[in-house]
Amino acid sequence: MAVIDLPQWLALAPALILAATALVLFLFDSINPHSTNRTVLSGTTVIGALASLAVAVWYAAAGVGATGIENYGVIDIMDGQFVVDQLALFFMIVVAIVTALVAVASHDYLQDHTYQAEYYSLLVLAATGMSMMAVSNSLVTVFIALELTSLPSYALVAILKDNRGSVEAGLKYFLIGALSSAIFVYGVSLVYGATGSLQLEAIAANLDAAGEMGGLLGLGILMLIGGVAFKTASVPFHFWAPEAYEGAPAPISAFLSSASKAAGFVLAFRVFTTAFPLEATTAVIGVDWTWAFVILAIVTMTLGNFAAATQENVKRMLAYSSIGHAGYVLIGLAALSTSSGDLVMGAAMIHLLVYGFMNTGAFLFVGLAEYWGVGRTFEDYNGLATQAPVACAAMAVFMFSLAGIPPFGGFGSKYLLFSHTIEAATENTALLAAAAALVINSTLSLYYYSRLVKALWIEEPLLERDTLAKPTGLYAAIVAAAVVTAVILAAFGPIADVATEAAATVVG
Amino acid sequence: MAATATGPFGFAPAIAVFPLVAFVITLLFGKHLPKKGALPGIIATGGSLVVSLVMAAAVAGGDAHHTELYEWTAGAAASETGAETIAFTFGILIDPLSALMLVIVSLVALLVHVFSLGYMNAEGETGLRRYYAELGLFTFSMLAFVFADNLLMAFMFFELVGLCSYLLIGFWFRTESAPSAAKKAFLVTRFGDYFFLIGVVAIAATFGTVGFAGEGSFVTAAETAIEDGATLFGFDAQTWVTITGLLVLGGVLGKSAQFPFHTWLPDAMEGPTTVSALIHAATMVAAGVYLVARMFGYYALSPTALSIIAFVGGFTALFAATMAVVKDDVKQVLAYSTISQYGYMMLGLGVGGYVAGVFHLMNHAFFKALLFLGAGAVIILMHHEQDMWKMGGLKDKAPVVYYTFLAGALALAGIVPFSGFWSKDEVLFDALAVGLSEPVILAAYAMGLVAVFFTGFYTFRMVFLTFHGEPRSDTAEDPHPVGWAVKVPLLALGTLAAVAGLVNMAPIAKLAGVDITFLEFWLDGEYGYVEGLTYHHYHETVAEMAFEESYIGSETTTMLLSAGLSLGLALAGAFTAHTLYNVPDPDRHTTKLGGAYSVLKSNYYQDEYQVWLAEGFTLPLARAADRFDQTVIDGVVNGTSQISLFGSDWVKRIQTGIVTNYAALLVGGFIALLLVLGYLGGWFA
Amino acid sequence: MMIEALIAVALIGALVTFVAPNRIAGKLAFAISLVPAALSLWLFGAFDGSGNALRGGELAFESQAAWLEIGDYSISWFVGLDGISLPLVVLTTILCTLAIVSSWTPIDERQSQFYGLILFIEAMLIGVFSALDFFLWFVFWEAVLIPMYLLIGIWGGPRRKYAAIKFFVYTNVASLVMFGSFVALVFGLGDVTSFALPEVATAMLEGGPDGLFGLSGTTLASVVFIGLFLGFAVKVPIVPFHTWLPDAHVEAPTPASILLAGVLLKMGTYALLRFNFTMFPDQVEAYAVPIAAIAVISVIYGAMLALAQTDLKRIVAYSSVSSMGYVILGLVAYTQFGVGGATFQMISHGLISGLMFMAVGVIYNATHTRMVTDMSGLADRMPIAVGVLIAGAFGYMGLPLMSGFAAEYFIFFGSFGSELLSYSALFTSLAMFGIVIVAGYLLFALQRTVFGPYRLETDYEVGRAPVHDVASLLVLLGLVVLLGVAPDLIFDMITDAIDPIVQGGDL
Amino acid sequence: MTVDVQYYVLLSMAVFCIGLFGVLTRRNALLFLMSVELMLNAANINLIAFAFYHGNLTGQLFALFTMALAAAEVAVGLGIILVLYRNFRDVDVTVPTTMRW
């Protein structure tokens, strides 16, 4: 393809576009504070997100960040504070997709809601933060991106000011978040203390200098894991998640549980692969840090799925299930100690991508239900299929996909993850436990996911409902997500290649 | 394929095909046909009879026929005797034995079809299309079974006749009793067939062939195996032959209603009397005995098997005869006498009396069919009343029925010169001859001999109660008339019952030294024959493998002795019946039997224990299994899900909703992780 | 591309039916389903394959296209037919068509969804029997669960929800175990570069896996063998993993039962044949006796359970367990007739059990009860349907000249003299006792339901069965008799595909 | 005269633990927030001390970032606490438990 020479900083374009969108929205808001012109606002957001998506896809296609391409190899910006590689682009794409879906859905969800502009600008700011997380290559930038994501998220969760649920969710999210970030920062300080640098490669380079401060470094790393665990809603930093997802407006729950989680993981992938290469780190701190992730993965997926199994509130069930999925993805980090670590991580990335569609879709369906005002429990959903077959078919697709039933995307990613875990287990038998946990948990998950399908399709409605509206935006978002979830399996070839290569660049 | 066969034999398949076509036609168009499909049946069976006669003639002309019609399937055999491949085929084997049997079957079938016109149509039965279709299907299966040239084919049609028997017994399916009797009949025979099938499979798996005749037959294979002293499935050859032979015998006992599988036959009388005549007297029940005769060469290799056959036969003969003594239902008497008569045939075959057995098979087919049809006629006369105590004095009202029935009775009782005498006598003579050196056989012979007395008794008890004395009911006063369709078959069979015995008058032959034992010559391959399936071949095998015969004095004296003995006993029995029952108003005389009466009346409690086996043992066992399945096995499955859901309920309680607890748990979890890693990393060292 | 065409027609048909109005959905689906049926029959005629798909045999209608590369392994769209899979495909298409016809009467709500799901499941089933790449095969294998779950759940009986979820979760966990075991095997096999079954099978023959998880190669093979066996055992189902079956059958609507018994159970035995008994000859030999024991137990125990039932559907359901036991016995015999007979039994049982469930369904439509105790003398009211039912019952009992006898005889003959299985004669004789018990419970059921004086507890007016039902019953009966008289119609191609397996590893 | 770095570490750890203690024990949202601030500042102590120890300014720079972000965090936090009070008429963090299990 034709080689176009762009200034290097433009490699950050996907994130910058989002930031610009945020500013545009602010501008609009300052000009017309009380505008409730939902079309313009969500339209702008969608355009911004799609633009960011387009650019990211273009870069990825053009080979930016791909190893072994001379002009566009991995791009370092501000002497390595930021790095744009395939990994970064992959997750920028995920974030952009989710943002777009959420924005489209919000158009209807937010009708007759006062703070339109704030909502969208906060949304885009958070998205910007996530995009930045994908490219951050220094603990400083990581932390800033982290906070840039968190602070708007707190506000977004609590944005329904007169809704006790929303506020309570916001509070819990915020408090746990603050605590976690404090722990994270302290971890950063310890790592800095041990290695004397915050730029990831530099940390890796100075590991041996840590010397007698191995214990401190270990503690620091553990605290970093804590910060990541918070973002990805993994045990033991997951406590905010059920409430936050349940209380927040459904689109925001979708946004946090998909995009925010993905961002948290890209952070983990980058930090732990770049800054703490296994052999060197193990030499200093005396323990292979993947053990932490093995434990976390098993505990997280088990806790998430078990807690989800008997929920009565659909949104809460999805919240717990999203914890469970975080557990699945954590295997991607747990397996790094093996030679097939890049494959497992690639599979984990694919799972996050597919998850971006199916989980977002699922939460958006809940949003649709809230829009209809049918109620929040399984019983309230009974027999919706007779009135809204299309949306319910989409929801069935999401559920089966989340449960890992073919021919849907979730099946592909989960089983890739599963088989690679087994492959990795040939070197680290502890991963067999993870694989076993995966089997047990997805069986259990099948139970509660199909419970929702049962409610929608099999049960009879408890009480008569009047006809349900068909909001264009929500429907569009849900159907789009469903279609992609349904057909993505066929396109797994290229996706798998990209993901695996991206993983290989950081792991290798 | 059959066309390859030369001459008349090319038409052999037609014997079976005619009734099959009749079956199809009746099934499809029976409703619109005149006589509801009787005509296709009559035509078809007539055709079969003609072709069968042609076959017999051809055999008489010194010819025999063995050809493969159609290959069912073929494949690799992992046989013990090293045969690499095996082919399962449908083929035709027409030798003296099968030719004879074909004639018998098609003849009786024809007569029964004709009789049915009087018995079913004239009586205005419904469901005649079904009746004639099933009759056609039966005739087809039976004839195909008869000319089957291998064991598997035999088994297949053996099963099919079982099906037809089931359907025809249950013809009056709207009653409670008929379906249950049908079910019982099928189940009991099925139980026998279970062993039969094992036998078939075992023989196939052992010798890699299931053929009856020729070099490729399993009989030949077995002979060679025994000669080579081979070991088959861990047994020495002869033991294995015995085992497999006895397994096949299971099916025989079931079909021919031999002890302990005899219980179904009396119940089978629930079916129309015509069916009883055709299936449960003349043909299907004969299938078992016929099968033994068919593969006699195989049994001849095993004295154990033979003596078991003989003993079971002798025992059944007596056993059933005693039960027949106390029955009041005319059909019941006949049913038990059938069982008993087949016992004689088994006895005959079991002692190596191949000719005797087949001879009695033939005679019995005629006279028992006759008796059943006669009984049928009586039942018409009596407006479907079957209790002999309500009859009486019919002999003047229906002379034709009476005299033909009498002929049958004399044959059954074995009174010279009626057919039954000659064959039964020969059976007993052979048994005696062998028995003199084989105690087991002697016991069997003794039982057979005693049975002769009972036979004479119950036969004439039946005759006297039915036809003699004063009418004991209004219907007996003026019976329903019977038409030509009833009389013709009776006359035909009556004649046969009277004269059929003349074809093999062994005693006369011995005394007068003239060669008039035609049946023996027939079976001995004096005319057409298939190598290895002849009487003297069997005879030699038996002599070499199993028994040698010995005589009291000379052979002739022994023969006369046995003949006189049996005739005397038969007459004694008949006379006893005469004194007791041939009076104007006979008495039941049950008290004379005392305690024995109840035992006999309830058939030695045979049905009881078999019913108990089915309903008192198997069913509860099944229910127990079901409970086990529902509680234990399914309980584990549901338990697992219950436990996980309970676990879920427990896990989610961690989320108390109070944020400070979260902080505490968070920190606690973090510290736990810290401790684990710290321990692994030795940071606290 | 013929197979793709088959699947595509069914899939597109499913979508079309799904959006079609309820009124015409039934007829439309029937019309659509005729296409795959005809196509598959054409395939049957044009079949030019030979040998076994996994043993370097000549595949018919093969087509392969790369799908995705994961690490050192490639996954591809790889379909093709051999003598084992082709008859099953034909069975599937025919049964689906008949199932559609048989649902015209009972299904009176949400028809378009119902028929759409039937066509969808048809597509997936065809995929299961034709896919030759493990991952692709697994996609179809699992995808079958969704429509069946909904069919049972939506149109089922009173306890349908319990039955549906039980079926769904139980079989799914089995699939996961099976998937894990097989993947482990592939990683254990050194030089395999794809999930294509033929390649894996070849590798298994050429030395089998190297060690894994610190297990030796042979131990790993055994572990995987057991894992796969357990996974498939649930699907077959083999005692003691059978308890989902009666629930599913009893609650499922008639057409679903037909497909469940007719085809879905065969997925399990088909997989057993393709995986365990093709790839692991050594393990088969090692575990022959226990497997045979399980088979015998399945036969007898299943039959005993059937004897205890009073619900016609439960009876047939448990007898399916019993019949599947014969299949296992035939497989473990590892002779041409044994394995061939087992495959033949898959087809035969598919037809006969389909016939039985269809007939029971017809009775149910008329009487609205399936309880043996609630009725008697039905022969008086619906003679033809009952006639076919009786014929089917005798087919089930293995009446000669019907396919059931051929199948069972092949199995018995094949297993009686099996060299690989010790005590083969004993096992066979024990298993054969099933033919007595089956006669027992079927004849009892017949005597009490169709014979005797007419009586019906539920107050419905029972008339003659609808023509289309009788027609489809007769079609099945015809096929059963045809295969019984001329088994070589398919047995030749089956044995042709079986021989490479039972004759050991030479490719 | 210079103080060895480990003393700074001990100090920061102490402060951190005090903050943590506050987080675990205080039910008032504002105190909770302050405790978190303590923990953040503990980190700052570390950063600056280590910056001095390593002789590069990265630490100090990062400390500035931390303070700024802490301020922002407090801002958002106070907003949330405000709406909390408005909805629950209380700033006790253990009061809102409408969502649990």
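We just call them A, B, C and D in the order they show up, numbering each chain from 1.
What we mean here is this: a residue touches a chain if its C-beta (ideal position, glycine included) is under 8 Å from a C-beta of that chain, and two chains touch if they have at least 3 such contacts.
The chain lineup, named per UniProt: D = NADH-quinone oxidoreductase subunit NuoK.
The structure presented is a predicted model; accordingly, all values stated were derived computationally and were not measured.
Participant: Between chain pairs A-C and A-D, which one is joined by a greater number of C-beta pairs in contact?
Facilitator: A-D
Participant: Of all the chains, which has the CA centre nearest the overall CA centre?
Facilitator: If we average C-alpha coordinates per chain, C lands closest to the whole-structure average.
Participant: Can you check how far apart chain A and chain C are, centre to centre, with Cα atoms defining each centre and the answer in Å?
Facilitator: 42
Participant: Indicate the whole-number Å distance between the mean C-alpha point of chain C and the mean C-alpha point of chain D.
Facilitator: Chain centres of chain C and chain D, defined by C-alpha means, are spaced 65 Å apart.
Participant: Can you compute the centre-to-centre distance for chain A and chain D, using the mean CA position of each chain? Integer Å is fine.
Facilitator: 26
Participant: Round to the nearest whole Å and give the separation of the Cα centres of chain A and chain B.
Facilitator: Averaging C-alpha atoms per chain gives centres 78 Å apart.
Participant: Multi-chain contacts in chain A: which residues touch at least two other chains?
Facilitator: Each of 171-172, 175, 179, 183, 242-243, 447 in chain A touches at least two other chains.
Participant: Give the residues of chain C that touch two or more other chains, as numbers and ranges in rising order.
Facilitator: Those would be 169.
Participant: By the touch rule stated above, which residues of chain B touch at least two different other chains?
Facilitator: Within chain B, the residues that touch at least two other chains are 641, 652, 655, 657, 659, 663.
Participant: Dump the list of chain pairs that touch, please.
Facilitator: Inter-chain contacts occur between A-B, A-C, A-D, B-C, B-D.
Participant: For chain A, which residues are in contact with chain B within the complex?
Facilitator: Where chain A meets chain B, its residues are 171-172, 175-176, 179-180, 183, 214-215, 218-219, 222, 225-226, 235-237, 239-240, 242-243, 285-289, 291-292, 295-296, 303, 306-311, 320, 444, 447.
Participant: Any idea which chain C residues touch chain B in the complex?
Facilitator: Residues 166, 169-170, 240, 243-244, 301, 304-305, 307-309, 335-337, 340, 377, 379-380, 394, 397, 399-401, 405-406, 409-410, 412-413, 416-419, 425, 428-429, 432-433, 435-436, 439-440, 443-444, 446-447, 450-454, 486-488, 491, 495, 499.
Participant: List the residues on chain D that touch chain A in their complex, please.
Facilitator: 5, 9, 12, 16, 19, 23, 29, 32-33, 36, 39-40, 42-44, 46-47, 49-51, 53-54, 56, 58-59, 61-62, 65-66, 69, 72-73, 76-77, 79-81, 83-84, 86-88, 93, 96-99
Participant: Name, in rising order, each residue of chain A that touches chain D in their complex.
Facilitator: So the residues of chain A in touch with chain D come to 139-140, 143-144, 147, 151, 154-155, 158, 161-162, 164-165, 167-172, 174-175, 178-179, 181-183, 185-186, 188-190, 192-193, 196-198, 216, 242-243, 246-247, 316.
Participant: If you look only at chain A, which of its residues touch chain C in the complex?
Facilitator: 340, 343, 347, 400, 405-407, 411, 415-416, 418-420, 422-423, 425-426, 429, 432, 435, 439, 442-443, 446-447, 450-451, 453-454, 457-458, 489, 492-493, 496-497, 500
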